[in-house]
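Okay, so chain A shows up in both of these, paired with chain B first and chain C after.
Showing the complex of A and B:
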């Protein structure tokens, strides 16, 4: 029997990076998963990796939060009661202020904030969850420490952290906990893409992140703790998983 | 010095205008409301000008600014004192509601910042100030969207401050608690009704005067604060610690 045997856990942004590693871990631990991806390529990867294991797949476009209600209701069996929700969707953005037009800012905020709140709204309805539901959203050190060009991304992550504090205070009566995990640099494909676009190959963030580049397994270990009952006294918090960056 | 104040009919914005004019600065007020309060109507100053348009429609901002500012006019700073509030439990926090809040409290500010921070528009050493809220760091139930929008604003400031530092331009926000000017609005009353505890009473020093908030804005605009940048200054009457 795995630690998460028969627990229903929704992972959004599950086709790569942290979400994918978490899905692999939870699969091994016996959880029943609802795995989300935004694109066909993502869905194909999830199908290939988790075929015949009894998990559900959920395709929805997080850059269009208004479409999520219809997508959720049409694709997911409404009798399922969730025990966990980990939001790993995070649209990156790196633009100087002169190019930061409203359409771009909205795109980032829709994907990273409005869609997370909308998913919470959809799953926290009556009969949508079991008491003890743990919700975790992946945040970033960018929410706490400014960098040139990351204005929209930082704003979106800080917004989710603030929303988490309010959600925790509203939902504790339903025995739902809500936390954010403030990640430093993690060795994901998004990170590799970022490094490729840089003119020089050095990452100045790693000079301050003195434990070095994080792995998706490092982050997953903390997520497993926050999903499980051992963390039942932790809610409304933004927990750093940053290799020391913010210290 | 020449400053631009962006306001949505709030007394805070009017109060900042009054104080800046008294300090002999040139002030442009851009307000969503097209009527001025008596205090500003009475003010006979050729150093004050007033424009009104609905800048929550962010696509209008670029063209309207071309009408308001001459091509050669450069600002020493601007203040974003507009924005909206609102309380709703999660079940009613729809995407539309979240988007309206983000639009007024973040997107419109960023669009002004994008356009007014250009080299042709903002002098070296200029200062940008936005009004934020303690809700950015303190969660209250039913303030999900509002808190998210203010935290987003505070984080955006840090990004902008690092980018604009090379032109010695400073960017800051003020995390305000309960201010006199805000208590007029209905949503605050709703909010007090929704709170399980009297949240207002946690502000140990009492309600912050509108003029006190305006004074802090004027300080952050001035060169007296020239080493303060990328910060979210707390003006909360000891709310956060209580």
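Showing the complex of A and C:
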């Protein structure tokens, strides 16, 4: 029996990077998954990778939080009770203040903050979850250290961490735990894109992140711990998984 | 878009005085052309010209004219 046998776990942003590695791990551990992506390409990758495994798929665009309720209710059987929710959606934003127009800022805040809160609202309803539900959202060292050009992204991540602290205090009576995982730089396609657009060739992040670049498995190991009962005494936290960056 | 219009757009994006750049201006002599300005240029290329500009390509730019040529 796998550790997560018959546990229902929703992974939003499951088609790439951290979310995808988590999905592979949980699939091996016997979980029943609800796998989310926003594009056809993402959905196709999930269908191909997990064919005949009996997992459910959920397609929704987090840039439009107002569409999520209808998407969730029309695509997912409302009798399912969740044991875990890991939010791996996080739109990137790198642009100086001169180009930080409201439409862009709002898109980032909608996708990274409002949609996370909305998904929590949709699943934390009566009969939507089992006691012990563990919610984790992926934050970033940017929320704590900041940096030129990442105003919108860092603000969105800091806002999510604040939301997590509030939700933990509100939801513990329903036996729901809520945490954020503050990731350092992880070796994903997003990291490759970042390095490609860097104007200087050196990676200043890795000078501070002295354990080196993280792997999606490094992050997944901590997510598995936070999803499981061993972490039952941890809630409302922003837990660093940053290779030493913030120390 | 004419070259003059492109230069004006670059000046606006980099928040530089209008009319201060010419195609032959060397980027190394433009104090405002720092890492944030380079990031602005990437966003400009992406949003206004639908072109992906990499850090490596930026490092190869010597003059304003090189940017104009890239914008096409």
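The working rule: the second predicted complex is superposed on the first by the 246 of 247 C-alpha atoms of A that agree within 3 Å, B and C clash if a C-alpha of one lies under 4 Å from a C-alpha of the other, contacts with A are read in each partner's own complex, and residues count from 1 in each chain.
Please note the rule applied: contacts are C-beta pairs under 8 Å (C-beta built on N, C-alpha and C of every residue); 3 or more make two chains touch, one makes a residue touch a chain.
It should be emphasised that the depicted structure is a prediction, and the values quoted were computed from it without experimental measurement.
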Looking at the overlay, what does A:149 touch: chain B (first), chain C (second), both, or neither?
both
Which of the two partners, first being chain B and second being chain C, lies in contact with A:198: first, second, both, or neither?
second
Should A:45 be classified as contacting the first partner (chain B), the second (chain C), both, or neither?
neither
Looking at the overlay, does A:59 come into contact with chain B only (first), chain C only (second), both, or neither?
neither
Output check: A:165 vs chain B and chain C. Expected answer is one of first, second, both, neither. What do you get?
first
Touch check for A:81: first (chain B), second (chain C), both, or neither?
neither
Looking only at chain A, is it chain B or chain C that touches more of its residues?
B
Does the superposition put A:118 against chain B (first), chain C (second), both, or neither?
first
Interface residues of chain A shared between complexes with chain B and chain C
96, 98, 148-149
Which part of chain A faces chain B closely enough to touch in the complex?
65-66, 68, 96-98, 100-102, 105-106, 109-110, 113-115, 117-118, 120-121, 124-125, 142-152, 154-171, 236
Per the touch rule, the chain C residues reaching chain A in their complex are 13, 15, 35-40, 42-44, 53-56, 58-59
Can you name the residues of chain A that touch chain C in the complex?
94-96, 98-99, 148-149, 195-201
So in the complex, the part of chain B that touches chain A is made up of which residues?
58-59, 89-91, 93-96, 98-99, 102, 106-107, 110-111, 113-114, 117-118, 135-145, 147-164, 230
